[in-house]
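All remarks here apply to the structure that follows.
Naming follows writing order (A, B and C), and every chain is counted from residue 1.
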Amino acid sequence: MPTHYYLAISAALFTIGVMGVLLRRNAIVIFMCIELMLNAANLAFVATARHFALAGNIDPARAMSGQVFVFFVMTVAAAEVAVGLAIIVALFRNRSSIDVDDVNLLKY
Amino acid sequence: MADLNSLILSILIFFPLAGAVLVALLPRAFARKAAFAIALLNLIFSLHLLQNWDYNANGYQFEQMLRWLPQFGISYHLGIDGISILMILLTTLLTPIVILASKNVGQHPKAFFACLLLLESTLCGVFSALDVILFYVFFEAVLVPIYILIATWGGPNRQYAAIKYFLYNFLGSVLMWIAMFYIYFHQTNAAGQPLPMSQRSFDLPQFMASAQQLGAAPVAMWLFAGFAIAFAAKSALFPLHTMAPDAYAEAPTAGSVFLSAVLAKMGTYGFLRFVLPCFPEASTTAAPLMITLGLIAVIYGALVAVMQRDFKRTIAYSSISHVGLIIAGIFAAQLASANSADSGLTSADLATVALSGATLQMFNHGISTAALFLLLGMLIERRDTRLIGQFGGLAKPMPRFAVLFWIALFASIGLPGLNGFIGEYLLLQGLASAKFVYAAFGATGVILGAVYMLKLSRNLLFGEITNEANRNLRDVNGMETFVVALLLLVSLWIGLAPQPFLNLIHNDAAKITQMAQGKQAHSTQLARIEK
Amino acid sequence: MLPLWLIIALPLLGFVVTGLFGAKMPKPAAGAIASLMVGAAFVVALLHVLGGVPEKAISESVYTWIQIGNFKVDVSLLLDRLSAVMILIVTGIGFLIHVYSIGYMAHDHNDLEGTRYARFFSYLNLFIAFMALLVLADNYLLMFVGWEGVGLCSYFLIGFWFEREDAAEASKKAFIVNRIGDFGFLLGMLLIFLAVGSLNYQEVFAKVGELDSGTVGALGGATLITLLLALGAAGKSAQIPLYTWLPDAMAGPTPVSALIHAATMVTAGVYMCARSSVLFEAAPTTKLILCGIGAATALFAGLTALAHTDIKKVLAYSTVSQLGFMFMAVGAGAYIVAIFHVFTHAFFKACLFLGAGSVIHALGGEQDMRKMGGLAARMKTTNLTFMLSGLALAGAIPFAGFFSKDEIIGSVFAAGQAAGTNGIYAIFGSIGLLTALITAIYTGRQYSQVFLGESRWNATQHHGTEASDDKHAHHSVEPHESPAVMTIPLIILAVGAVFAGFLGFPNLPGVPESLHGFANFLAPVFASEHGEHAEHKANVVLLLIGAIIGWGGWIFGRGLGLKQAESAFWPESMSALSLDKVYNNTIVKLGYALAMAVRWIDENIVDGIVNGVGILVGQSAASLRLTQTSFVRNYALAMAVGGAMILAYFLTS
């Protein structure tokens, strides 16, 4: 399959993620949308890595770096989940809500 | 001792810095004693400078040069000459005195003394840095401890005063920062080609040379302005002076002493060290303006001082007045001209007189104003007020205080035989050689100084005791007498025999004159050839 | 030969000793030490004068004071005949007044803490040291040290009873007014240095022509310089327009008035002019102005003296008036005569002040002459000495004042003839004659009001509190002669007042050389310029007029004093003539108004701009902060839009 198919899906996923973050108010959903954006990036990484590897005009070892980056992203995502969920739990305990509009301390 | 000679300045900077950390770690009860011991040791270290001073040296002494950020031409370059040694000695002398005098600090004594030591460290850095970036770092670093000192241990309006002082100086320095970088990025070689990055440098000699190449170009005026505003704000030159009365008055005694005695001199020092040598032509062009501002400060400061109700503000305005005269004198050196060939004096001689006077007066004013602030601090400690109206007739319950206060007061208003006179006279002589009318205005400070100081003396010390709280005030004790008397002895020493101090200064004052006036002569010569 | 600096160092040592340890000594000890030091200084000076000065000046370099390249000022001393006369007056009369003070200050009721007695003597000693420095300095800058130093001591001594409001104000005023004069002196020095490159007398005088060259010359040269110096002299010597501090200075203890405000310090201005005679000779305009100022001051102060009933105030105005005579002499170029009058005046005026002090002492602090009278029988020595020195002040022949004052008036007329501006100098000379008459009247009047007639002090049992300067509040007013320690100095001074004049006997035919020894003694100092003054022939007519004026005025005044013992000659409101009120209403008020205005500008405009900038920043921040909604989504949207814009930029470029 041509690479731009993958990239199109990646872009679509990313846009959905951005829209979700901007439009939803539920913290968990926002959180999931962030994951969606990360995975969109992962998809783009893997797709381009494959693209360059198949094209053969680049050192295969360097082409692999795109795939390696995915692992980094996944690690970061895992860490983020741990921290983020903890924040959401703490938030829920304080406010009995996970609606982000209820947390409007970030001003003045 | 060669090694020690190149290390001594670093010791003077880092020893109190380490001391500040140590004081912060020690138990509270030892804070003052430990801080005093450290400051005293530093004073003793600084005497090494005097002992090994080379009076015939042509250039900086006790130099130390370490690579810092070589790719940007930034180095850790220290060294002093006759202009800076007095300032360093003033700093190291005042620190232990101020620590001794700060007996009742109130809250957080450890932080207080750590701040004082930090201040000493950064001030030593300012006066010994020979790299422009290094100078800038210290110049700004000074703001940190002084900000904390004012904002934490100051008077009722301390927050306002501290922020005002900080912002004033910080904004001024930003302009200097821009000017510094302009010069850095426009460094050229002898042929006028831009230098590659690797050869540019912030090291003072090279920096100075490249600044001088700008000559009288319009941009030189802007760069001059950038530096001049930074230094004028620091030394509270009219009209950039209004942070001074607030800061000097609100700061705790120790802070007031440092602010007016040393921090204000960072500005005048900057004029001598950077502005005159870097921008000789621009300095000459701007000299009438700067002298006028200085003279306005002399008269204006004195007039406002007359009308103050708060005695610390009186002294603050008197500082503005005195420092105005110093700045006027510094720029008068640019305009000094001999009366006629037969007077036996060249223009350079007269310019050197003005600059020597300015340098000496920086030290002198530091001594006398420190003594005044210390003494007034003792009054505040006893009565917890700064209002002159609360006092009167103190000469009766506090005769020793009165004597000390009188000596400090007369030193401050330039009574011959005490230190203020020597500096003032030399400055006025310099002003007179630029233009007689300058000296005439400058000398009105002689009259006005007497007016506000004697008014203060009359309202504090003379008259009947009108406020019962003053009737049984405790006279100054042994320690209080000692710290002030020490300063007053220095004042008497300079008044009677200033020669040892002038010997330190003279060579380098002459050198600045040469740089400032020599370059000028050179460039006017060039201009003539071009025509 | 003993070094010259001992003359300064000895009283200075006295100052240190009495200042640091005096409080712990028994009272007379501090006074004795102080007196001893001044006495010793006198002896040193006398040895010098007897030993070497008649032949040549002694100069002595002590150390280099200030040297910056070619700028050099030494601490070095010069004893020539001029400074010899002055130093003998200063230390000699100073010694007598020190001795007198031992007795006078012994019962100071303000001295509750018991330390002021010693402090008084330490100030006096410091004064003598500074005065000696002033006189012996061999350059202007060093003279200036002494010049301001004596002003400092004067400040402390006027304000000696610092709890009293009048003393506190008077001391402040004296110093500030003097500083106005010093401002002139200072500027004069700056110009001299600029023109000549030195402040040393010899070097300056040698290059006096330089003063009119270059930029200094363009400014006014010697004329401007001497006018500035004259301003300094007018401040120190209490001349119009700066005399107002001297009458107020009487708030100090009486020995201080005698020493500082009559005999020595106030004559420093005259000394300075005489010292700078070479400069003044180069500036005829200044001389004319100086002569006019002297004449105006003499007349004005003389008239004011008639309006006062305070025994010390009369003497104070009389001092101002006599200083005016000295300035007339300087203005006439008769420097020797001016110094001669300084010399005679020192004796009789010190004696008058000390006599007044003795009276005040005896009356328990009373200073109002309307409440005196009839003291002659009670205080024989004081009476006699006061009368003799009063006659000297009145210029009655053959007392000291007659010779010196007559010489002055004569030389003013002579100067007119010499300068070819006869008219104006003749006016000054006539004013001098008129003032001499007034002087004789108020002096005679004062004498009789205090010592003769009926005693009016019985009625005043007020323990010397109100309006009294010296609070020696004895509990019953029973006038008595003062102790010997006070009367002996009086006697010595009175002897001087009687005989000092013979040193300057008029140069009449048949009078032997030795009788005008004073002029001959000083002639070498001024020789280069105007030796002719020593040769100047006395004017017999003038002498006769002077003799008539002196005695006539005295006798007339004496009668007046008896007739109107309960009032002043003029109504007291005449003293409203004093420039004091004019100054208070104009310069002082204006100055304070200006200072207030500047303070207002400082607080509201200069600082207002600073605070305004701060407020501006604060307010714009306040409106900008409304964009911070706190909704995370808004922030995220802003981020997304920003990212999109950056992306768009790169995609389109």
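Everything below uses one rule, namely that contacts are C-beta pairs under 8 Å (C-beta built on N, C-alpha and C of every residue); 3 or more make two chains touch, one makes a residue touch a chain.
None of these values were measured; they are calculated from a predicted model.
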Going by CA means, which chain is nearest the middle of everything shown? B
State the chain with the largest centre-to-centre distance from chain A, centres being mean CA positions. C
What whole-Å value do you get for the distance between chain A and chain C if each is reduced to the mean of its CA atoms? 93
Between chain B and chain C, tell me the centre distance in angstrom, where each centre is the average of that chain's C-alpha atoms. 37
For chain A versus chain B, what separation do you get between their C-alpha means, in angstrom? 58
Multi-chain contact sites of chain C, meaning residues that touch two or more partners: none
Which chain B residues qualify as touching chain C in the complex? 164, 167-168, 238-239, 241-243, 300, 303-304, 306-308, 337-340, 342-346, 349-350, 352-353, 356, 393, 395-396, 399, 406, 410, 415-417, 421-422, 425-426, 428-429, 432-433, 436, 439-440, 443-444, 446-447, 450-451, 454-455, 457-458, 461-465, 497-499, 502, 506, 509-510
In their shared complex, chain A is touched by residues of chain C numbered 625, 628-633, 635-637, 640
Can you check the complex and tell me which residues of chain A touch chain C? 18, 21-23, 25, 100-101, 103-108
Please output the residues of chain C touching chain B within their complex, sorted ascending. 63-71, 113, 115, 141, 144-145, 147-149, 152, 155-156, 159, 162-165, 167-169, 171-172, 175-176, 179-180, 182-183, 186-187, 190-191, 193-198, 207, 210, 213-216, 219, 591-592, 594-596, 598-599, 602, 606-607, 610, 614
